[in-house]
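Just below sit the structures, each encoded as C-alpha cells.
In what comes next, subunit A is part of two complexes: it sits with subunit B in the first one and with subunit C in the second one.
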Partner chain A sequence: MFCFDTSETKYHKVLERCVVLAKKNLKLPITVVTNLDTFKKIKPLGFINYKFIDPELGNTKSGKEWNNVDRHMAYELSPYDTTLVMDIDYFCFSDNLLQYMDTGYDFLISKNAHDLTNRNSFDLRRWSMIDMVWATVFVFRKGRKAKQVFDMIKYVKSYYSYFLDLYRIRDRRFRNDYAFAMALEQANGFISYDTLPINLPTLPPDCKVVKIDDNGIAWQYKDQINFIQNQDVHVLNKEMADV
Partner chain B sequence: MSKGFLWFAQNNDKTDYVDLSIKLAKSIKHWNKENKVCVITDDKSKFESKHVDIVRVLKRDNSEDHDIKWANEYQAFALTPFTHTIKLEADMAWTTNTDWWWNHLWQHDLVLSVGCRDYRDNIIKETPYRKLFTRNHLPNIYNGLMYFRRSKKAQQFYSIAQDIVENWEAVKSTMLIACHDKYPSTDVVFALAYRIMDPTNESLIDYEWFKFIHHKPAVNGLTRVKDQNNYLWPNKTGDALYIGERRVSRVWHYHDKELNARIF
Partner chain C sequence: MDIHELKKQSDLSYDIAVAKRNALEKAHSRLVVVYNEHIFRADPETINLVKTLSEVHTSPLYVLDSNKNPVEIPDPSEFLQVLVQRNQEAISSYHQMSKTFEKRND
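And then the complex of A and B:
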C-alpha cells in the first residue's frame, strides 16, 4: 500500500481503516510505503512493515496535491514473491482477493469497475483509444515478465505526454490507470493481456460515506442512504477519512 | 482429397474485386501451407495471377445487370474444385497461420462463422447492422467465412440458397419481415437457407476461433467517431497488422476498399 498525506487530505486515516480490514479479511503480511511525515501520524497498527521514500511531487487532481506517481516502484519496494498492491481507499470487507495470490499469472489487474450506484459512470471508452485499467488493485509475481511490465511502466512514465498523445488520452494528468494500461499494451505485444476476472465495486466521488464498520459501508447519494456488506468497496470520495 | 479457399470476384463500377482477390490470395499464401486458392469471376473480370491457382468463369451470371454482385454466391458448391472449401469474401486479409483449422473443419459438412469480432478481439453478437436478422429470427451467421465439404448437407444448403436467390422478390416480400434489399444479400440468403434446414440451430457449429474481425464502426464500438480509419489508422509493419492500439491476428474483413489501396 502507498500512503502519503497531502495538505488537503489525511490519507493516513484512510490507511488506518484499510489496514485493519485487510488484516482481518486477507490475513496477509502488509508493507506500507510512506514518508516520515505521514508515518508519524499513523496510529499503531500492529505488526506491519514500513518502507520510506520521498514521494515524487507535482501531480494534481482537481487542483489538489496528488501523490500517486510512485506506484511504478512497487516491484522494487515489495519484499514479497507475490504481491497484492492495493489503494488505501480499497476496503476489503471480504477475502475475495486472496484467490488471486496463488495463480499461475505473473501480472493481473482489473479492467472494469462496477458503479455501486448503478449509473455506469466508469465507462471511459470514449476518453481514450485504449481501455483503462484500474491500478487500484493488482497482483504481480516477481519474475521476468512482471519485471518487464514494471520496466515498461517506468518507460511510459518517462515519456508520458508522448504516450498520452499516442493513445489519444484526454486526461492530461499522470494516472497510474493509464500508465499501467499503456505499459501492458506495449509489453504484451499489442495483444490482450491477463486481467483480474472482477469488476471493482466502486463508489463514485459524489457519494458521501456516512458510516464504516467491520462488515460494510454506508453512503449518501443525493437524498438516499445505501449500505453494502461483506463486499469489497473502492471509495473515491476522500472525505471519508474523517468519518 | 483437396482443400482450399474460394471466393467470388466480380468487378463493378466502384470496386476492382480482382485486385482485392489477388491481395487476399497473396496474404493466404504468405501465411498458410495449405493455400490453394480458387476465385470465381465473370467474363468481364477474368484474370490470371501467380497467386491464384484456379480462376473459374461463371457460365451463368445471375447478377449481370446488378449493381452489387451478390446473386451468384450460391454457386460456390457447384463451382468449387475442392473437396473441402473455405469460402471467403474478396475484401479480406489473412494475418496469421490457420492451417490447423482444417483438422476441426473437415469433421463437419458445414461450418459458418457465427457472430464476428471487433479489432480488440471481443466477440460481437449484436450490431445495428443485423436488425433484419433479429426481426426475422435468422441465425447470426456470416458468409464471409464459412466452410463446407462436398456432402449432401452442404449440397442441400446451397440448393435452398439457390431457390431463395432465384425467387428473391417473392422471398423478401412473403417470407421475410421488413426486408428491403433490392438484391439477394448473401448473408440474409444463407441465414434463411440455414434456418430452413435447421430451424432450431441444433446443428449450428459456433467455433470461437472461426470468426473474422468485421471492420465496421458499430462492431468496433466507434459510432461516435467520424472516420474510424483515421481514428484507428490500420497499418502494416512487416507481417504485423495493427489496428488502433492492437496487433490483430485474425482474418480481417476490412470492408472499406480504401484500406486495400493504403495498406496492402
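And then the complex of A and C:
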C-alpha cells in the first residue's frame, strides 16, 4: 500500500481503516510505503512493515495535491515474492482477493469496475484507443515477466505525454490506470494480456460515506442511502477519512 | 394513493434494485475460483463442461481458464467438487440476500 498525506486529505486515516480490514480478511503480511511526515500521524496498527520514500510531487487532481506517481516502484519496494498492491481506499470486506496470491500468473490486473450506485458511470471511462485498467488492485509475482512490465511502466511514465497522444487519451494528468494500461499493451505485443476476471466494486466520488464498520459500508447518493456487507469496495470520495 | 406514497414506493424500489444488483455482483465475484494456479468461474457453463467431460473422457481433462489459457486437470472429480461448492456458496448467499429484499417490499 502507498500512503502519503497531502495538505487537503488525511490519507493516513484512510490507511488505518484499510489496514485493519486487510489484516482481518486477507491475513497477509502488509508493507506500507509512506514518508516520515505521514508515518508520524498513523496510529499503531500492530505488526506491519514500513518503507520510507519521498513521494514525487507535482501531480494534481481537481486542483488538489495528488501523490500517486510512485506506484511504478512497487516491484523494487516489495519484500515479497508475490505481491498484492492495493489502493488504501480499497476496503476488503471479504477474502476474495486472497486466492489470487496462489495463481501461476506473473501479473494480473482488472479492466472493469462495478458502479455500486447502479449508474454504470465507469463505462464512460474509455476515452482512448485502448482498454483501460484499474491499478487500484493488482497482483504480481517477481520474475522476468513482471520486471518487464514494471520497466515498461517506468518507460511510459518517462514519456507520458507522448504515450497519451499515441493512445489518444484525453485526461492529461498522470494516472496509474492509464500508465499501467499503456505499459501492458506495449509489453504484451499490442494484442492482449491476462486479467483479473472481476469488476472492482466502486463507489463514485459523488457518494458520501455515512457509516463504515467491520462488515460493510453505507453511503448516501442524493436522498438515497444504501449499503453493502461482506463485499469489497473502492471508495472514490476521500472525505470518507473523516467518517 | 397520493404522490408522496408513490414517491416513497419508487424510492424503495430503487433501493431494492440497487441492492439486488450489488448482491448479484457480489455473487459473481465469489464465483471466481483459483484451482491448479489458474482462474476459473464456477458458473453453470464451467460446471457443465467439467461434469460432461469427466463422464465421457478419461483423466486428465484439459480446459480453458478465465484468460483462455489451457489447463490440465488431473483430478476432474475434485475440480468439480470445488466448482460446485463455490457456486452454491455464492448463490446461496445471494438467495439469502434476496429474501431480505422480499421482506423490504412487503
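For this structure, a couple of remarks:
By our rule, the second predicted complex is superposed on the first by the 240 of 243 C-alpha atoms of A that agree within 3 Å, B and C clash if a C-alpha of one lies under 4 Å from a C-alpha of the other, contacts with A are read in each partner's own complex, and residues count from 1 in each chain.
Criterion: contacts are C-beta pairs under 8 Å (C-beta built on N, C-alpha and C of every residue); 3 or more make two chains touch, one makes a residue touch a chain.
These numbers were taken from a predicted model, which means no experiment stands behind them.
In the overlay built on the shared chain, the residue A:55 is in contact with neither subunit B nor subunit C.
In the superposition on chain A, A:191 makes contact with subunit B only, not with subunit C.
Residue by residue along subunit A, subunit B and subunit C are tallied for touches, and C comes out ahead. Of the two partner chains, subunit B is the only one touched by A:129; subunit C is not. Once the two complexes are overlaid on the shared chain, A:167 sits against subunit B while remaining clear of subunit C. When the two structures are aligned on the shared chain, A:104 is found in touch with subunit C, with no touch to subunit B. In the superposition on chain A, A:204 makes contact with neither subunit B nor subunit C. Overlap of the subunit B and subunit C interfaces on subunit A: none, as no residue is touched by both.
Contact residues on subunit B toward subunit A in their complex (touch as defined above): 120-121, 221, 224, 231-232, 242, 244-247, 249.
The touching residues of subunit A, when paired with subunit C in their complex, are 94, 96, 99-100, 102-105, 114, 116-118, 194-199, 201, 223-228, 230-232. Only residues 11, 14-15, 17-19, 21-22, 25-26, 28-30, 32-34, 37-39, 41, 66-67, 69 of subunit C touch subunit A when the two sit together in their complex. Residues 125-126, 129-131, 167-168, 185, 189-192 of subunit A are the ones that touch subunit B when the two sit in their complex.
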